[in-house]
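Per-chain residue numbering starts at 1, and chain names A, B, C, D and E are given in the order in which the chains are listed.
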Amino acid sequence: MKLTDTYFLTFGALLFTIGAVGLLVRRNVLVMFMCVELMLNAVNVTFVTFAKSLDDIRGQAIVFFVLVVAAAEVAVGLAIIVAIFRRRRGGATADDIDLLRG
Amino acid sequence: MSGFPILTAIIVTPIIGSLITLCVPARRPDVARAVGFVATAATLGFAAWLLWDFKTATDTFQFVEETRWFDALGVGYIVGVDGFSIFMVAVTALLFPIGLLASTTLDHRVKAYTFWFLLLEGAIMGIFLSLDLICFFVFWEAMLVPMYFLIAGWGSSRRVYAAMKFFIYTAAGSAFLLASILVLGFLHQSATGVLTFDYRVLASWNGLASSTEKWLFLGFMAAFAIKAPLFPFHTWLPDVHTEAPTAGSVVLAGVILKMGAYGFLRFSFELFPQASVYFSPLLLTLAVIGIIYGSIVAAMQKDAKRVIAFSSLAHMGFILLGIFSITIFGLDGAAVTMLSHPLTTGALFLVIGMLYERRHTRQISDFGGIWKSAPVLTSFFLVALFAGIGLPGFSGFIGEFLALLGTFLAHRWWAVVATAGVILAAVYMLWMFQRVFTGVPDGENAKVHDVSLREIVVVVPLLALSLFIGLYPKPVIDRVEPTVKRVISNFERKTNYEQPKFDRIGPRHGGGATR
Amino acid sequence: MVEFVIFFLMAAVALGAGLGVVLARNPVHSALLLVTVLIAIAVMFLLQDAQLVAAVQVIVYAGAIVVLFLFVIMLLGVDQIESMRETVRFQRPAALALGVIALAEVLFLAGHHWATGAKSASSGLHAGAGGNIERVARSLFTDYLWPFEVTSVLLVVAVIGGVVLARRSGLPPDVDLSEGGEEDVARGEDTGPTADEVTTP
Amino acid sequence: MTKIVTPGIDWLAVAPVLALVAAGLLIIMLRALFRRATWVYDAAIGSAVLGIAISAVFLWRQWDSIRADGPYLALSKMMAIDGFAVFLGVVVLSATLLTLMLSSEYLGRQGIRSRPEYVALLLFSATGMLVMTTANDLIVVFVALETLSIPLYVLAAYDRNRMRSLEAGMKYFVLGAFSSAVLLYGIALVYGATGTTSLSGIADFLTRVTLLENGTLIAGLMLLLVGLGFKIAAVPFHMWTPDVYEGAPTPITAFMASATKAAGFAAILRVLLTAFASYSTDWRPVIWALAILTLLVGSVVALVQTDVKRMLAYSSISHAGYILIGLEAGTRQGLRAALFYLLVYAFMVIGSFAVVAVVGRRDHRHLISDYRGFATRQPLLAALLAFFLLAQAGIPPTGGFMAKLGVFSAVANPVSGDQKGLSYSLLIVGVIASVISAFFYLRVVVTMYGSEADVPDGEEVARGTGSRISLDVPTGLVLVVCAVLTLWVGILPTLLLDFARDATLIF
Amino acid sequence: MSARDLLDTVWIIPALPLLGVVVLLFLGKRIGEPKAGWIATTLLGLAFAWSVVMFAALLSLPDNARTNTVNLFTWLPAGALKVSFGFLTDPLSITWILLVTGVGSLIHLYAIGYMHGDPRFSRFFAYLNLFAASMLILVLGSSFLVTFLGWEGVGLCSYLLISHWFERERAAIAGKKAFVANRVGDFGFMLAMFFIIGSVGSLDYAAMNLKAGGLAHTTVTAIALLLFLGCVGKSAQIPLHVWLPDAMEGPTPVSALIHAATMVTAGVYLLCRAHPFFEASGDALTVVAWVGAATALLAGSVALVQPDIKRVLAYSTVSQLGYMFLACGLGAYQAAVFMVIAHACYKGTLFLGAGSVIHGNKDNQDLRTMGGLRKFMPFTAFAFILAWLAISGIPPLSGFFAKDEIISDAFYTSDYALWIVAVAAAALTAFYMTRETLLTFFGNERFRAALGADPVPDHHAEEHHHEISPISPTVDYGRPAPEPALTEEPHEMPWTMVLPSLVLAMLAVAIGFVNLPFTNLEFLTEWLDPVFRGVTEHGPDSFVQGASLDVVSVTIALIGIGFAWTIYRRGLADRRVDPLDQRLGPIARLFGHAYYLDDGVSRAVSGPIRSAAEWLSSTFDLKIIDGAVNGIARLFRTAALSLRKVQTGLVRQYALGIVLGVALLLLYALARVGI
């Protein structure tokens, strides 16, 4: 039995889905961010796998951009959460923040 | 007068006037009014000049001016007049100063009112003069805005609803017009390689597939049928008429409704002759329904303006009937009615407006016996009424007679039913007249004062003109008919349509019985 | 075969921990499980000849990003068990169903062999001199020089953003200049002419 | 270890971006060095304007060079320097400048702090947009997208005293991150399918190789469309738009509606028309469906809005639909129409939001009912707002009409016979949507003009807008510029139409 | 100046009253009361004078060339159709203009006295002049269209004059009713014109005369029947006669001039003028004859029991017009014209007399409260009695010759059924006219009931014309007789009113001699002969046959008079009870209510027709058509509201939307790729 790309890619797809569904079902904004991280990691796996199968180093280089972006996103995202918590203590789940609607 | 761009002058003069109005300080309504009078009077002068210089012998467009506007879509600024547009321009130029004069009792936000009013005139002139389809559409759509503001700003109680309804309803129709114009232009481009929206070029092109032609016709019809309005698309009309200020109603009934009929005459006919013939029974039927239905519903209205509004529906039915009879008589009649209806209905609206100013109501049941307290005012109404219901000697008769005659020759039974509308017109108008003007005036009605000099000046020209045209329509017909013949021969050239023969009914030899 | 075992082990760990991230009721547990996922993925990177990426994955992701998460969790004091009851109707089944459908669609579309592209000739995985690190570096500084430079802006933005937002506002919490009765206004509000008013007589 | 030879830097290509970055960094430095100084904000605005000006000059130089020598790829083919890029660059820079002017007094009026950083973030966002316009690689698209988005997340939440603003930032962030993950996955799949992330490379590959099994590629393309559709607020990826537009500070809303939309469309146009041009039969139906949904949902839901900003948000969704119409046509004419639309729309929408920004209530609500009798209190502002709204409704003679005329004529003139039905149906939906949209624009106009009679007991006046309006000079300038341009384009569109045409000719 | 040149100036005739219209409309108020009337009368008198000149001019031409057309200008030049505004002078039109201007002038004169004190005095005369002008245009027109101009013009004037006292609701309604009924006729007239244009190709009478014979039978019948519909409306034939009795709401001179002498005979004129169509059709003539006969009989029966002095005359007019139509239907056009002339004289006299009686009785029109007035109004009574004898058909008064000729013609053409109807109607005529005369001028003085009562303060007496009471003075059948309101005895009228009555009465006596039923004495028939050349004439087989028919007529008339004499010789014993009502029983109610035709129509109009229209305007138009329009708007709104609900404000749901989009796009991709 050979370890083909398909395993990795399917794994990536599964992980991506877990992340995506996780974002949909969790109310805690922090956990939602973590789910985004899961998704990005799934993408990373995909990129690296394609790099291998295509024999192309650029697929690995791309991962760095994803990393940077993820870091930047997390920094800003967490800052927003902090700002929100400063405004309203407690009960700051995603479902509580629904002033804007319609 | 070689070289003077008179048509552009007619379009631009009111617009310049409106811009000048903007610069007038708001606390000087008199100045704003004066600007308005000067601008409209100047336009009327230009229009009179145009009428004077208009050549009767030719069926082509006259005074054509042509410049490119933007090449990206091959759009040009092309203006010109022929027999269809000349009188619409003239009557527009006449109605606007009169409308302005009728609005001098208005005392709030005069500046804005004058501004929009002048803008409206410019846009309407553009509609009647444009020969480029896109250019036409621009004016067609731009006209909505000033009208909208006039209704919403100076209308009566339900003006917001009415203004909105007017805007949305007509915009809905013109949306399809735009789509059809574009498709037509690009089909022409892909067939001939030339991208243009020049009406004259497109009208002489004969390359549309017949199913395409029908679809495009329907697209154009959507706009024109709503504006005209044709029977099931009329419900905006009474609401808007009722709520609009007097001058707005005058312009609306006088000119804006005619734009629909004009659109059919000018665009649908020469661009889509086959589809026009194909759909003419449908449109005739709707027009006939409009005549009868409008008359019946008019009779039942409780608001005087709504009565006139529904009567407009009926009158537009006569115009459309004449148009879609596709005969020389019918088109002549439609053109005459298009000139006549603004005069008579304009006068009716003016008188109703005067009554409204005096009594602050338009409910028929609130009136009674006005004839006694204001006999001259009543006479105006009476003359306008009889002119409107087609009494011979007034312009309305000439138009209706020819329109019905044309229809009769081409589609007999439609004409028979439509002629019955003549009876109904008398019923609803006289019934309203009886309830409003006869009887013994009581309370407020007894105190209604008679007309002022200004009001005489406002109404009399319209009625006098109607009488003149009714007794001597030759100058009008002479100018209209070359164009009518052009359109008819275009039909005969491009389709297998034939004008009904003049005296084909029942000669003893040749079958004997009437068909 | 060893690779195979490692892969499955790591895949199981990663997926299990991934599920754990989603299902854990305490955010701290989620964060820790996230670290587990990241490390498992790092191992997979090694399986794919991506040594540098694997290292960076552990250092930056697990070392920096997750720590940041934990830091914020502690800062905000939300390190407690929270209710997992779903309050929004159909959210969970819909999310699950759509997630599974989308996954299935991707898998169907991908078919048996995902990659269809021709092999890259110029920048092969093992082409050129140097090890994995050097090759990645070469790619970053030649092919991807422009986006690489642009990321600098991104990082500056992140810094500024973090500073600006997380800075104390100077106002006490829960007092909003504008918030007075905002909820009330948001609900029973006086609205302009409604569409109804303008469409119906 | 061999020497890494970095590619030669084409300085002209990167100059517009650098100018903005430099201005941004200068602001940050000033802020860091002179923490307490009050002039820093003025200096920030000054340097921002300067940066934008320099950037614009370089864009102009690029334009000349493109006209002379044709478009080219720079920096390892990561950048495409062409007319398209310059045109959208102009849109972005104009929008940025106008937003800046709009913000200059707004921030102080609303008590928003950290103002110099605001300016810097705005510039960085614009940087990302400029990068986006020139992007010739999916990775650049991704990085640019994040570079323009992350500052926007911050800016949306910038009014930290206001829960709504924070909420807007949070929502925008969560959904933005989510959608960019989806986009990224799409990039990965496309990369896997084609072996490259370069747009021109993908195009080459797809024309060279006929894929027998292109499932991965198509899946990737779809996910790309999701990610980019999110940025342009195409339905069903639009749901963030109303909330974020309503909550964000009004100038930022204007910026998002104009510049961000332009950048988003830059990406989607480039990806579809460059990389996937040969797959147009696959994506055109998708764009068709998105366009129809976007047009209808945007204009229909706007009908029942009670908040002006929210209404404008929905209207901006429907405007995205019109631009998608141009894209659906798939022709050069369509592209030209879309570009022209973006430019004109920027002016119209910034103008509208400018008025809204000026009249905003202290509690940051913008209820339509507050505009009751606005015309009598502030005739000039009311007239301007009415004008911008009518322009958005596409009433001639305004730029809005010309823009709609452009996209409609693009679908009225479809290239291929087999998809004529799609195009014509889009034309019909487009015109219907424009009628529906007229309705809600007019509702605001009616409220301003129609009902001064039923204004007010005193309480209403106090709540109503316009009682405390101070129209500052920069905002006034914004209004004048937007109004003049919108009207000018409506009457004499030739110059800008030609600009759009040239931009697509040298694409 | 040749005779033809002279005839070209015929336009002066309508121009004179038209001048009066202009002057009176614009300056009427300033001219003031009696002068305005004098201007109008003088102008019409001049027109009469000029008509006489025209008559002489035409007479000077040889009898087969007695026709002259003068075209003033091209009125309607559309397509291949050219309609000139032209006047045609021939014996027919000259006869009519003499009648119109002559009788018109007399009635104008009468009106000066009758309308004394009316607040709208000058306007009344303006309308009268306008009527005269229109009527002259009608008869002088050289084509159907010009005739139609006058046709509608007289309709308009009829409307205005009936509604002259518009303060009274019934007057306003009656005017409207008249106009609408006429419009129904116009509907036929217009369609007929379309048919004529379609078949003849021109509206000129000259073209009609040339081509009518060559048309298909169906066509020509259609034209004839449509024209006839117009005539039915204008001349108040069944079933469009309903307007004429109501028209009595107008001032009495109007009733005399328009609704007896001239306008209502326009239908007869048109039948005569358009006789080529009718002759070509044949079938149409039968219809005309039967409608005429039926009208004569039914209207006569209705007149029997009417309590109102003017209503009796109105139904009588309808009945007499029926005779004229009967004559036309028999092809005896000259007889019809003769009847028109005679009728104008005696019916004019009767109306003027009735007007004087009403005037002298403080606007009371109820026969039941009159009686014995001959003592108080001797001249009026004299004129009235002469006219009564004339209309009853007593030789040698004009009515005898005119009516007898028609009745005999029915016999000669072997239409015996028609003859019987005509004879029966003649009996009715004699009866109701005798009844009216006896109740008015003879018998007990029933008005005296009030004289003994308390004299009502009389401060209104001076200006009783100025304030029009809102209650109608006409009396419907079945309405109880009012209490007599006279506070002084009835009195004779001023000379302006008496003189025209007397002159007309003299004419009624003498005019029969223009067409005596003896060879070479049929002046009128010969004069009109060029117009009706080609129409077959029927004459008596022998002198004996003619004479015996005359005897029958006279006998019938005498029987009618005798019956009435026996019943009403002494007036009414009780003014609440009419003995005829008791004798006829339910039939009297049928007659009195005019066969319930008006009731039926008005019940239908105010009942089902009105509710149908109401439904159309309130339910159909507002709910269905406009409802559909607003429904579309509401549809969008509903859609918007439900779409808006999707926007919950929950960020997770928004993300769900994105995932939904992903799933859908991927589904599309699957379909596209084809798995």
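Assume a contact is a pair of C-beta atoms (placed from the backbone, for glycine too) under 8 Å apart; a residue touches a chain by one contact, two chains touch by 3 or more.
Given the structure is predicted, the values throughout are model-derived calculations rather than measurements.
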Where chain B and chain C overlap in contact partners, by chain label: D, E
By number of C-beta contact pairs, the top two chains: A-C
Distance between the centres, which are taken as Cα means, of chain E and chain C, whole angstrom: 96
Gap in Å, rounded to a whole number, between the CA centres of chain D and chain B: 43
Whole-Å gap separating chain A and chain C, where each centre is the average of the chain's CA atoms: 2
Centre distance in Å when chain A and chain B are each reduced to the mean of their C-alpha atoms: 65
For chain B, residues that touch 2 or more chains besides their own: 160, 164, 168
Per-residue overlap in chain A, given as positions that touch at least 2 other chains: 9, 16, 19-20, 23-27, 32-33, 49-50, 53-54, 56, 58, 62, 65, 69, 72-73, 76, 79-81, 83, 86-88, 94-95, 97-102
Junction residues of chain E, two or more chains touched: 622, 633, 636-637, 640, 644, 647-653, 655-656, 659-660, 662, 666, 669, 673, 675
In the complex, chain B residues that touch chain E: 165, 168-169, 232, 234-236, 293, 296-297, 299-301, 327-329, 332-333, 369, 371-372, 375, 386, 391-393, 397-398, 401-402, 404-405, 408-409, 415-416, 419-420, 422-423, 426-427, 430-431, 433-434, 437-440, 471-474, 477-478, 481, 502-508, 511-514
Chain A-touching residues of chain E, taken from the complex the two chains share: 644, 647-652, 655-656, 659
Contact footprint of chain A on chain C as seen in their complex: 1, 3-4, 7, 11, 14-15, 18-19, 21-22, 24, 27, 30-31, 34, 37-38, 41, 44-45, 47-50, 52-53, 56-57, 60-61, 64-65, 68-69, 72-73, 75-76, 78, 82, 86-88, 91-92, 94-96, 99-100, 102-103, 106-107, 110, 112-115, 117, 119-120, 123-127, 132, 135-136, 138-140, 143-144, 147-148, 151, 154-155, 157-159, 161-166, 168-169, 173-174, 176, 182-183, 186
Complex interface listing, chain E residues touching chain C: 622, 630, 633-634, 636-637, 640, 648, 650, 652-653, 656, 659-660, 662-663, 666-667, 669-670, 673, 675
Complex contact set, residues of chain D against chain B: 336, 390, 395-397, 401, 405-406, 408-409, 412-413, 424, 427-428, 430-432, 434-435, 438-439, 442-443, 445-446, 449-451, 492-494, 497-498, 501
